[in-house]
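Some structures to go through are shown next.
Two complexes come next, and they have one chain in common, chain A, joined by chain B in the first and chain C in the second.
Let's look at the complex of A and B:
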């Protein structure tokens, strides 16, 4: 192991450092801020996240297509994937921060610490994008999760908020136990915690039992983190009870960061020609989990009348598609990595857009989360209805949206696996895409073809309108010209 | 036969850690008080820590020790946040029974 510290390495970690320092500054600023309106801190939060994203993009251009370099004593690494993902996490954080002030004011939970916590959680995500060691994977996941537990619990007086936070926290902590124990067993088998070194040593280990048990425990732990069936029961409750901007952050960025960690752990450390395969490899349980996650997520979403719960189940089924991509990656499909990254970008944009509309439609005292509340929205607020429609079509995977090409590339990557092993999984995914159209279109028909109950004033906020305008445009751009996005990594 | 009792080696500690982990897991699954669940989670983390340390000693590798230290630090942070959430829930309901958290169930 090379333990020499090279100050140049800090430059490669600029996105991470900017995010962390901005988060710390926000915590300090909150303490010394004299003004009445705590939501003013959002300016610094957005500035920090955007600066972090710009740093990622600049560093991305400095890194060649096939460069992968380990830094900081082999604790972290950088390549194109990590910079694309860190830019994605930073921008998602900026968007979530933009959505927050109006929601805080309308629903009376103005707390300044919220923004600092959000940026700290985001710094954990960026660490996950750069992780090259089980220790940093663990630290990144925990930094992110603990931040999001706090954000979920921010609305302290709300019984639903507290309950959501409690469920999210207990399940998350339980998952952490599995995560650490799984990592411990892998460490025992490999004798190293470095992800890259592990790839070689695990294949020739003297204790395959430890690898199998460790792999299974990590499947369980990450199953909890990305809300895969049967480890998903917390997700609908946590998503419903959390404030809408936090739900958006959880559904988009947290899930994407967990998948980023899976790309490293399952794609690199547990990848290769030996470990994933066979009845005892981790790929066997993961393909089954992916299949039931897509199916159960969709079937449960059909029954939901609450839009946030429906989006929660929809995000569960999207996690299933992403796990399909992770299986393909572990089983050696070379197209899997760009496909997963494309899917994550498309999914994040779409989710942020959909939740922005949910936050917009709710206003003081009423969140308007039931499908019935949305009846006739197109007549009163045609732009919001159109934005929601585009987001829902993208979630359902209809062309010409980013969601369609995301699914298409993931399934194509799964088809590229040797001998068509994942063919059945692709069929399950395609059939489920068709089912999912039903419940997404249910909201669209409610908005366009039903009579309005009564006129209402939505949340007035320029930032929210900006997010609602940007996301659908980006979704359509990704759907019409997907090539550029796919060539990113 | 007595060897297994008198020659205590790495496998004994590994089995002990595995048993502790199982006790923790079962505790999370069967106990209904949030505080006891939190304690069971700590037990799981400590079992995992113990496993890491045994392997670190077996391999003569220091990185395992740092891993264990990180886990201890993070577990403390997690417990702090968890207890705060438990207090917030207790203020609203006067109990922290997870079976009675049913506001969000449909």
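Let's look at the complex of A and C:
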């Protein structure tokens, strides 16, 4: 192992450093802040995340297409994928921060530490995007998760919030156990924790049993993190109980970060052509989990009347689609990596947009989360209804939106796998898209086809309106002109 | 190519119009109607340019416009027309201003959104008709769906929520199955052609394995059969029609149903000739069931709109029967019948709209004796009804006659497909023509003849100038198509001939054991290479080379298996 520390490497970690330092500054600022309105801290939070995103973009342009370099004693690495993802995480954080102050004011949960926690969690995500070692994967996941546990519980007076945070924390801690155990077994088999080195040594390991067991445990652990069925029980409660901006952050960025870690662990360390035991220990359970996740997520969403729970189950089914991409990646499909990255971008934009509208519709302590509460929104606030419709169509995978393209590209990557092994999984995914249209259109139906039973008093916030306007535009842009986005990695 | 700009222009104009109308103030309803009418009329006039550039003697795609859209996927924005799509495009652009002109008054809430929805719908439909790229077609196919859903859901009748969701779920279920088949074709073709593409012309050069063709055709066929709609996938149609506003019904029946038949002709059959050959008998039988069943159910209806909706099931059965017969008469007649159906059914629905606006009921029992009250309307409506029923000298006759002729010819006239007992199917379908006359005349009689015994009917005013402006062009069209079918048929003829000869070539040349080797590219004469092209294509990684070797081994094993009985016999015979 090369543990030499080269100060020049710090430059390549600028996005991570900026995010961490901004997070620490926010904690300090909170302590010394004299003003009355603590939501003002959002300025620093947004500035920090945007700076981190800009740093990622600048570094991205410095990295060639097929460059992949390990730094910091093989603990971290950088390539185009990591910079695209860190830019994505930073921007999603910025958007989540933008959505927060109005929600905090309207629903009375102003807490200064919130933004510091959020940026700390984001720094964990960026670490995951750069992780090149099981140790850093673990560190990243924990940094991110602990921050999000705290954020879920931010609404101290809400019993639902507390229950959600408790559930999330207990189950998350349990999953961490699986994660560590799996990593330990893999280390036992490979003799190294470096993801890249592991790919080489695993091929000739004397202990194939350890690799298979370790791979299974990692599948379980990541299954918890991305809320894959049957490890999804915490998600609907946590999504419903957390404040809406936090839910958006969890559904979009946290899930994307866990997938980023999976790209490294399953795509590189345990990648298909290396591990020699038949059809890959980990892939067979993951394929089944992906199929169940898509199906159960969708079928459960059909029965929901609460929009946040519906979106929670929909995000579970989206996790299933992403796992399909991970399977394709592990089974050697070369188009899987750009497909997953594109899907993550489209999914994040769409989710943030949808939750922004959810946050917009509720106000003054009343969240208006039932589908019935949304009846007639189009009559009174046509722009908000249109934004929500575009986001929902994108979630449902209707062209010409980014969501359609993401699904198309992931399924195409899955079809690229040899011998059509994943054809049935694609069929499951596609049939589920038809089911999902039903419940997404339920909201559209309520907004457009029914009369309002009470007047809407939406949250007045420029930042929220900005997010609601930007996301649909981006979604359509990604759907109509996807060429540029697909070439990112 | 000269005139290439026309097709993108007629897709773009309605889209721009939709954006423009959304930028105007919400309360100016008449301004919105004016914009909608102007934009659709301009689109129609521009689309007439197609006739100027279209050479009816050529059998290739014309007015081709091709730019790269998504380089990574190999998707192009490629549009063009041939004899199949030429008049369907014109039908769309022709019906659109008429519909807006005739029905915009009956919409009084959210007029701006209504106009925008109709314009987006028009753009989607035109895009799907002229797309020559599988991917572009799929996108446009889905783009049509949401505006129609909104039309039914926002401006529809009592049970609009149910009808709109049913419409979307049916259509989505079909089109997603099609999407899987598209994936398969795309990936397979990509590995053989040496680069991914969704260009239809390139994809049709790839011969997929026999069984894959059968499955892929089935997937496409379900999507298109739902749209047609073929029995038993038709149940969404009556609901959608009854609940949709008049404009929605006109466009749904007049244009959207055609995508089913058009999809078969443009995509399913050229891409998967073997699949077509396997499924053609099933489709033929289902369409005959649809023809008779639709007619019988239509006869039993008391709701005029439902009656006309079921009549569409019956009429489009003829079109489906005509294309699977795969004879020149069958296919030409089928396309002709679609055009005629667009005019006549559009007219029937517009007429129902006229009645409904005056009486607010669609029950046949509520009408009677209207001839005395509305003589002009009754006369014009009679022509439309007769056109629909297939009276000679009117448009419906030509199409139905040709499709039936084509069906009787199936399997005789050099047609590559043998439909089981075509004569019986043809004879059964012919009863549909009689039944069609029965239910349509029955409907006409109930509405217009008899005593004017309902008090409310006594005060109905005859057609207004605006309504006359809608019906007269339609009636002229119906007469024109009935009496001078030649220019229409001539424009389709080369395309029909090319379609059939290409189909037959592909079916003959690539038939048989060669397919066991998997996907391959045909050469110019439609012959397949003897060895798997996949092995010849340059592949780099070890894994891929291993795969190729496996494929070759599999092929060898298949050959061994195939010759095993002969070898055994030879062995047995030798000593």
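Simple rule for what comes next: the second predicted complex is superposed on the first by the 482 of 489 C-alpha atoms of A that agree within 3 Å, B and C clash if a C-alpha of one lies under 4 Å from a C-alpha of the other, contacts with A are read in each partner's own complex, and residues count from 1 in each chain.
By definition in this document, contacts are C-beta pairs under 8 Å (C-beta built on N, C-alpha and C of every residue); 3 or more make two chains touch, one makes a residue touch a chain.
Fair warning: this is a prediction, and the values are worked out from it, not measured in the lab.
Once the two complexes are laid over each other on the shared chain, residue contacts for A:185 go to chain B alone; chain C is not touched.
Of the two partner chains placed by superposition, only chain C is touched by A:445; chain B is not. Once the two complexes are overlaid on the shared chain, A:433 sits against chain C while remaining clear of chain B. In the superposition on chain A, A:163 contacts chain B only, with no contact to chain C. Of the two partner chains placed by superposition, only chain C is touched by A:483; chain B is not.
The interface of chain A with chain B does not overlap its interface with chain C at any residue.
Residues of chain C that touch chain A in their complex: 69-73, 113, 138-139, 142-143, 145-146, 149-150, 153-154, 160-161, 164-165, 168-169, 172-173, 176-177, 179-180, 183-184, 186-187, 543, 547. For chain A in complex with chain B, the residues that touch the partner chain are 1, 134-135, 138-139, 142, 146, 149-150, 153, 156-157, 159-160, 162-167, 169-170, 173-174, 176-178, 180-181, 183-185, 187-188, 191-193, 236-237, 240-241, 304, 306, 309.
Interface residues of chain B facing chain A in the complex, by the touch rule stated above, are 14, 21, 24-25, 28, 34, 37-38, 41, 44-45, 47-49, 51-52, 54-56, 58-59, 61, 63-64, 66-67, 70-71, 74, 77-78, 81-82, 84-86, 88-89, 92-93, 96, 98, 101, 103-106. On chain A, the positions that touch chain C within their shared complex are 273, 332, 338, 382, 393, 398-400, 404, 408-409, 411-412, 415-416, 418-420, 423, 426-427, 430-431, 433-434, 437-438, 441, 445, 448-450, 482-483, 486-487.
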